[in-house]
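All chains are identified by letter, namely A, B, C, D, E, F, G, H, I and J, in their written order; residue positions are counted from 1 within each chain.
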Amino acid sequence: MSTEPTKELVTFPNPRIGREYTISIDTDEFTALCPVTGQPDFATINLDYIPDKLCVELKSLKLYFWSYRNEGAFHEDVTNRICDDITDALSPLYIKVTGDFNIRGGVHTVVTVEKDFRNK
Amino acid sequence: MSTEPTKELVTFPNPRIGREYTISIDTDEFTALCPVTGQPDFATINLDYIPDKLCVELKSLKLYFWSYRNEGAFHEDVTNRICDDITDALSPLYIKVTGDFNIRGGVHTVVTVEKDFRNK
Amino acid sequence: MSTEPTKELVTFPNPRIGREYTISIDTDEFTALCPVTGQPDFATINLDYIPDKLCVELKSLKLYFWSYRNEGAFHEDVTNRICDDITDALSPLYIKVTGDFNIRGGVHTVVTVEKDFRNK
Amino acid sequence: MSTEPTKELVTFPNPRIGREYTISIDTDEFTALCPVTGQPDFATINLDYIPDKLCVELKSLKLYFWSYRNEGAFHEDVTNRICDDITDALSPLYIKVTGDFNIRGGVHTVVTVEKDFRNK
Amino acid sequence: MSTEPTKELVTFPNPRIGREYTISIDTDEFTALCPVTGQPDFATINLDYIPDKLCVELKSLKLYFWSYRNEGAFHEDVTNRICDDITDALSPLYIKVTGDFNIRGGVHTVVTVEKDFRNK
Amino acid sequence: MSTEPTKELVTFPNPRIGREYTISIDTDEFTALCPVTGQPDFATINLDYIPDKLCVELKSLKLYFWSYRNEGAFHEDVTNRICDDITDALSPLYIKVTGDFNIRGGVHTVVTVEKDFRNK
Amino acid sequence: MSTEPTKELVTFPNPRIGREYTISIDTDEFTALCPVTGQPDFATINLDYIPDKLCVELKSLKLYFWSYRNEGAFHEDVTNRICDDITDALSPLYIKVTGDFNIRGGVHTVVTVEKDFRNK
Amino acid sequence: MSTEPTKELVTFPNPRIGREYTISIDTDEFTALCPVTGQPDFATINLDYIPDKLCVELKSLKLYFWSYRNEGAFHEDVTNRICDDITDALSPLYIKVTGDFNIRGGVHTVVTVEKDFRNK
Amino acid sequence: MSTEPTKELVTFPNPRIGREYTISIDTDEFTALCPVTGQPDFATINLDYIPDKLCVELKSLKLYFWSYRNEGAFHEDVTNRICDDITDALSPLYIKVTGDFNIRGGVHTVVTVEKDFRNK
Amino acid sequence: MSTEPTKELVTFPNPRIGREYTISIDTDEFTALCPVTGQPDFATINLDYIPDKLCVELKSLKLYFWSYRNEGAFHEDVTNRICDDITDALSPLYIKVTGDFNIRGGVHTVVTVEKDFRNK
């Protein structure tokens, strides 16, 4: 497996296809650059998903998060983008991504994106 | 962008129009004056909203909060006013504003205003 | 305004009549006397309410809590009584009062009274 | 009132018959004996109930908990028994009893019994 | 009873058959081997279940958890397997198993499997 | 023993005269009146002492704290007075009294008085 | 080894005689009876010691703590007694025993006994 | 007493002249302006002092902190200035002032100034 | 480098020989077997040391901790042994090892071994 | 002032030369690359110093921390390097730098470097 940062997410087959269960992954090691000032931003990213046929491989996910390290990213946009990329790779039954960004100017921001692909 | 306190809120286009997702912003740096005694009050303000076409720019929001620094403001009134001002500026699908005011006379007050503009 | 303990609650007009929003007030400075032993009891009181036409003035509420200082009060009874008195004064749309009483004999007691006057 | 441990629970009339409100009582001073090894077990007991006509007197409840001190009691069984005894004494509208037992062999156990006697 | 690690779960009759109540068991002493690197993994396992006719004996459950000590186990798979094994042994009315695995590479993973066998 | 508030402290003989050991007692149930406004003040009192020939009886100490309930007391003065009264009653080898007073006007005050009567 | 409560402490040879190191043991499962009221008291006991030739066996210590379960014990006295008993059994280089007793009448008591047998 | 912000500190005579004891005062309601950007800064201020002949009156201290609200103040400078002003007003035996400033640019700053005027 | 558990510790040259500074390493992933019952024990190990000429390589230290996984180890003995092994490998100026072992039978044990090889 | 990452630290004159006081600065936004794997490492850096003639400017310090973002850095080495660089720039009377690095392989590392240039 690659050890370079990459936007490509590696998957593996869900070991319990047909059962709805939840996988929650979080990291406090997300950093990107502010598109306005170019200075580093830091965030904790939380991912919850109910897999359908595929799960995301953890080291691959780590490389994916790493790939933002030298990119500019707005809070609202990047949280949506992470959600879309993981959705594209996994086609999960349900997904929620939360980006909890460090305080800037006394203001703390959390962006939460949730999509449910089940017939509810 | 201005660096003076102002009641005008700057917006930017929602990067994911059509998807319902939540933006949560909080600051523990809100201060106004007590309209009765003229002495400073302090609060933590929490804002949750689901954007429609517009998001609020963070630095602008900071200047907006700053604009209360030398104004008199009752707890119940100012929390409603913040909710109204942000609603006017963003026309969000949903908004909740919470003002958590520091203890006065052994009493701690929290005011919560919530408005849902979706067909529910 | 009086600075003596009193059971009379001072009100002011709700600044946003017609909108359902919540005012939460808590104090850890409630003390009464045990009706059995005459010894002091201590509690934290939490009040949540949705105002209709009236809000309760905070200093008045403080004087109201003070008025229990030299009265005997059973846990279950006094929590209901506070709820009734505030209801009588404000005619709120919704009210919840919680009395969280200090440990006595290794036992910790919390009494919660909730009334909803809306058509639900 | 007795100051000896006893399974008999003393009650007093509910001061607000006709209103559904909640009384929550907890103690971290529950101890019984393991029926297998005879060694002491320790637990925190939480009781929530909505009274109908009767409330349980706190000192009496303390003596009731004390009565388990030299009895053997399985976790699952004793939590159900406490719930049944209090139900028999009070005929409450609703009751929940939780027994949170200290770690044994690296394993922590919590048993929760809930009964709702209202027409829901 | 055996004091060797074993996948066989010992049960005992539910002392309150016919009542739906919850038994919650957790341990922070679960360890298995990473199937990829062969290195030890560590997790906290939480089990909630509503028993039907059988309960799981706690020491037996401890031996069951111990049985993973020298086995390879993927996070997603092992949490499902624990849920299946306990379901097979107890035929509970409801079961939830959560595996909260220690941070690896800055990433923290929690897997939650829930099954409800009641007519809901 | 009296069950009325009193400034008289009851003592009992130190069970280990000749050994220097520490007795720490704290209560969060101290209340007095503000000498300026007449309104209630609340504090947590901590007492550490090394007994010489006498220890203070706990129920007596509770009645002593109760005796301040309807007296005016400045923060700095009352903490010193408690220290002096206990010193007069016990003649301890060492004593420290801390009064931690509830927030007033956004300001939190702690007064600490310490006296060492040993030859150090 | 006995599984009955006993005041006799079992020891084993210090595996590193000649090196000063610290063994800290605590339990929140200590209970005795109040000598005045006969009602149960609960405490957390902390033991720190530097062994000389002997260490205390943990299960034996547990049985020792258990032996107080049906005995009357004043806070100050029992903490000293535990210190003396362990000192008699181990002849340690240093010992500290802390008894942290549950709140009674709003008052929380901690007794700390420390003895250093080294030439300091 | 004035209710306007002022740099003048009101004092009262130490009620226990001759005894060294400590008065600790903290507020999380300190705000000033950044001298570079003009934007508001927020801090928690802690003051510890051992009084000699004078103590500082609490409401006066609150007005003193208020006086910085519309002044520019560098972190390092303002903490020293507060220490000097209180020293000038009280001539204490010992003083320590800590300014704990809110995060700016991901960086959190605490400045601590301590002066001991006793012959040590 | 090996990826098998091993008692051999790999070192690297201290990058600042001649300066006394502290390296603190902790893991909550230590497990061994109880020499009496053969059942797994779990601990958190903390290591503080001041290096002289050598530092311990982190992955090697992880493999070293892993090497205890299938060995019997008494609390007091294993903590001393870890201290001795690291001392032998590094010849540090100062070392402290703490083993904080999970609760067994309601009793929690912490063993602390400290050695200072500097001329103090 | 530059807004690019740089190893050059900007200083300003100490506003209270001659007084020993402490400036503490911490950031949880430090990231560098692992020199072995090239993958990102994350740390919290704490800096305490007593200034002599110079203080470090906060934005400059932020740019300095940023300058490590794309450099390889061993835990032990980089903490010493930060200490040396700040010492070179400020010639402080005292300095302590702590690097608290995120868990890798279940192991958590903290490096602390302290230098005192005063005649002690």
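Convention: a contact is a pair of C-beta atoms (placed from the backbone, for glycine too) under 8 Å apart; a residue touches a chain by one contact, two chains touch by 3 or more.
Bear in mind that the values here come from a model prediction, so they are computed numbers and not experimental data.
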**Request:** Using the touch definition up top, find the fewest steps from chain E to chain J.
**Result:** 1
**Asked** Which contact partners do chain C and chain E have in common?
**Response** D
**Comparison of B-C and B-H (more C-beta pairs in contact)** = B-C
**Asked** Over half shared or under half: which fits the residue numbers at the contact of copies chain C and chain F, same or different?
**Response** same
**Centre-to-centre distance between chain J and chain G (centres being mean Cα positions), rounded to whole Å** = 45
**Asked** At what distance in angstrom does the C-alpha mean of chain J lie from that of chain H?
**Response** 28
**Asked** Quick one: chain E and chain F, Cα centre-to-centre, how many Å?
**Response** 52
**Message:** Using Cα averages as centroids, what's the distance between chain D and chain J in whole Å?
**Reply:** 56
**Request:** Find every residue in chain F that makes contact with two or more other chains and list them.
**Result:** 28-29, 39, 42, 102, 104-106
**Message:** So which chains actually touch one another? I want all the pairs, not just one.
**Reply:** A-B, A-E, A-H, A-J, B-C, B-F, B-H, C-D, C-F, C-G, D-E, D-G, D-I, E-I, E-J, F-G, F-H, G-I, H-J, I-J
**Item:** Sites on chain J touched by chain I in the complex
**Value:** 74-77, 79-80, 104-115
**Request:** Enumerate the contact residues on chain B facing chain A in the complex.
**Result:** 14-16, 19, 21-29, 51, 55, 58-59, 61-62
**Complete:** chain C partner, complex, touching residues on chain G are 39, 42, 102-106
**List of chain I residues in touch with chain E within their complex** = 3, 28-29, 31, 37-40, 42, 66, 69-70, 102
